[in-house]
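Multiple structures are listed underneath, in structure tokens.
What follows is a pair of complexes built around subunit A, which joins subunit B in one and subunit C in the other.
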Partner chain A sequence: RVSSDGKPEKFQPPPKPVIIDKQKQREERRFLSPEFIPPRGRTDPLKFYIERKDMIQRRKVFNIPEFYVGSVLAVTTADPYANEKASRFVGICIQRGGKGLGATFVLRNVIEDQGVEMCYELYNPRIQAIEVLKLEKRLDDNLMYLQDALPEYSTFDVNMKPVSHLSHEEVPVNKLQVRMKPKPWSKRWERPKYNIKGIKFDLPEKKMKEAQKWSQPWLEFDMLREYDTSKIEDKIWKEVSEGL
Partner chain B sequence: SITGACRAIQKLTRVRVVDNSALGNTPYHRPPKCIHVYNKTGVGKVGDTILLAIKGEKKKALIVGHKMPGPTMTPRFDSNNVVLIEDNGNPVGTRIKTPIPYMLRRKGEFSKVLAIARNFV
Partner chain C sequence: MMPIWTKSGKKHAVTLLKVQDCHVLRYISKEESGGKTSKLLVGGKNASPFFKSESAMEIFKEAGVPRKQKVTTFNVTDDAIIKPGTPLYAAHFRPGQFVDVTAKTIGKGFQGVMKRWGFKGQPASHGQTKTHRRPGAISTNKAAKVYRGKKMPGKMGNIYRTSFGLKVWRINTKHDIIYVNGSVPGHTNCLVKVKDSKLPTYKDCNKNPPFPTYFADGDEKLPEDLYDEEIFQFTDPSVTY
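On to the complex of A and B.
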């Protein structure tokens, strides 16, 4: 082509193709382990800062994977009384409690028709390996009702193979409704204080209505109980990601 | 009337016998109950001996698991498990299918019971 003033036009390179990398878009999802978030109270934040430094130190040496309540884990611990000095326990995580270095998680499994629950401390030096065999979430934060559910919902094969999970995808939510053994249960799970969505209640309508008598609908609007953790989480996330 | 399940083992708790002995497995119209705990406090934890009343007889037994949550890194079972034992410490049954906690190995007197156990937790 000849431009208006007779000289050959300067070479214009074709426009570069814009690659929309969907993987980088989804990397926005970040997971901060719940024991990093300090509880609401009047303690000096210096205490939490020192604890977080120790937790980051431990995490540099030992990998604690991301997991939620409802995922199946396998934990190997060093035991002086075990045969090969190491014991392995596979189970579903039913509860995560504690903050800071004393954070615990409870694994449940049914072995030979006997339900066993093991409470492990995340930062205990006796733990040698934590593997996530199946990463998934459930409808509730606390699966203690599995003790009163039919044992098939808590049985997991000890030699089960890890189910692969792509890191950029969202964590799948298992919307399983669990069937319970006949009453009496260890706790009255139908009451609204436990707020359980993962049970298929076979109770008559009369009992469900009677259980709603103990509901406290004003708690949801109580401003003194509010604890907004978004800003705290952002700060702690920056600290933790710099440390690791 | 039936009381709620006792979490640790004390007098009059109903227990579940876990080995394959004849005394423990033959059905009887009353469940085996604890009548004495060989302990300074009357509360029995894993590794304590208790006196059991089974089928109208008194028998000593070893607690291998209870419903009460213990220290972290120890297992908590869904039923109060017990293994029948003689006075000299020999187990009555020949096999134990249910899982047994590792911490029983600490005291050397239960080595014969641990030898017949199949699974450990």
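On to the complex of A and C.
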């Protein structure tokens, strides 16, 4: 080949092939359910160890899938008063609370123009099945503000088909900014205490500045509030993966 | 405290109590103690021997046991006497039994009359002058005195209290843990005394308990976990109706 100058072009080696080792990616992405991490306190670690044994035992018999706040789940519970002795509820997970065997998650849906929130316990033996219809994360850990958002953001089809998600890919983060109903809200979501990133605030600048008056910028530097869970998580991850 | 589910799907809250190094320390006969029944002194958690006088350490030396943090007495019938020095385990109790638990309640310090005795206090507004949490009147005019035991502010908590009639749901023989229904007085990791229930409804509830106690070096080999019949064990599949 001849370049525009007229001199012969320097030899360009071909681009090196990039090898994506999918097995390594799968190992790197590990998910430890948040209820396994013990809270900070003066309780004997033996109590958490025994609780974890029970939790692992339950997970061996009944599969609790990986899910985050913001994913859409369908839960079938055994109900003595229902027609087929089982009731199914579909909704978006807005909150995951509790530690140990009492861990709960709250699902929200709007059924026939009525908002419904159901709080389920993860380890309740009456739960027959938990299916993840759509696995995704949101910008916040707590989506309680959906109660004050427009109902279209909380409606999910009860007969929704599960959206497939490959196990080695990273969990997609939905950067949706939700539009709210006019004020008053159940909580003042614009305040920095809630640290919400997923709302499109249409409030005037003055109100947003006034809300910043309640900010506590020293909180992130408070050393007594630090709780480093990395080593605890490693130990618990080893225990859990050996058990399952 | 932990949740526990029954086979019908109901949830109960349960407190975990650990039996930590319990030994029988001394036997006091009926005549010696002067009561109606003979007594057994039982010691709890192991503690350091350096902070007590020699005379206090005599009991532990006789029994051949390290110094215990807490020593309690149990009134015992003559056929249930145990030799001093025998260790006591959680398997002494069986699931389905009913139990009374005694402990020192959480100390709240000097407290006012509203928190200590549940008085209603006075309204926050409508002209009240410096009176919102006070006891108000303490006696009548005719009495001309204040009765003994009048409820007034004072130190609250840090006294022995008992919860009666608690059901034992599960026993872990490996770690010596008793799962007892409901809540128990005292803070987390405090020392607690567990006795068979004295309530008349549960008099005939103990079906063949280990008598006088469960001996670890005996012939009986217990499984690691003992469950009550109604408990949902996590090895079973989900509950259906």
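As a convention for this text, the second predicted complex is superposed on the first by the 221 of 244 C-alpha atoms of A that agree within 3 Å, B and C clash if a C-alpha of one lies under 4 Å from a C-alpha of the other, contacts with A are read in each partner's own complex, and residues count from 1 in each chain.
Rule of thumb we're sticking to: a contact is a pair of C-beta atoms (placed from the backbone, for glycine too) under 8 Å apart; a residue touches a chain by one contact, two chains touch by 3 or more.
All values reported here derive from a predicted model rather than from experimental measurement.
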{"item": "Partner chain in contact with A:118 - subunit B first, subunit C second, else both or neither", "value": "first"}
{"item": "Which of subunit B and subunit C A:128 touches, first, second, both or neither", "value": "second"}
{"item": "First (subunit B), second (subunit C), both or neither touched by A:155", "value": "neither"}
{"item": "First (subunit B), second (subunit C), both or neither touched by A:79", "value": "both"}
{"item": "First (subunit B), second (subunit C), both or neither touched by A:62", "value": "second"}
{"item": "First, second, both or neither for A:51, with subunit B first and subunit C second", "value": "second"}
{"item": "First (subunit B), second (subunit C), both or neither touched by A:87", "value": "first"}
{"item": "First, second, both or neither for A:95, with subunit B first and subunit C second", "value": "neither"}
{"item": "Touched partner set for A:33, first subunit B, second subunit C, both or neither", "value": "neither"}
{"item": "Footprint overlap on subunit A, comparing subunit B with subunit C", "value": "79, 121, 124, 126"}
{"item": "Subunit A contact footprint on subunit C (complex, rising order)", "value": "2-3, 5, 9, 11, 16, 18, 172, 175, 177, 188-189, 232, 234-241"}
{"item": "Touch list for subunit A against partner subunit C, complex", "value": "41-44, 46-47, 50-51, 54, 57-58, 61-62, 78-80, 85, 100-102, 121, 123-128"}
{"item": "Touching residues on subunit B, where the partner in the complex is subunit A", "value": "4, 65, 69, 72-79, 81, 97-99, 102-106, 119-121"}
{"item": "Subunit B contact footprint on subunit A (complex, rising order)", "value": "77, 79, 81-83, 87, 89, 104, 111-121, 124, 126, 147, 184"}
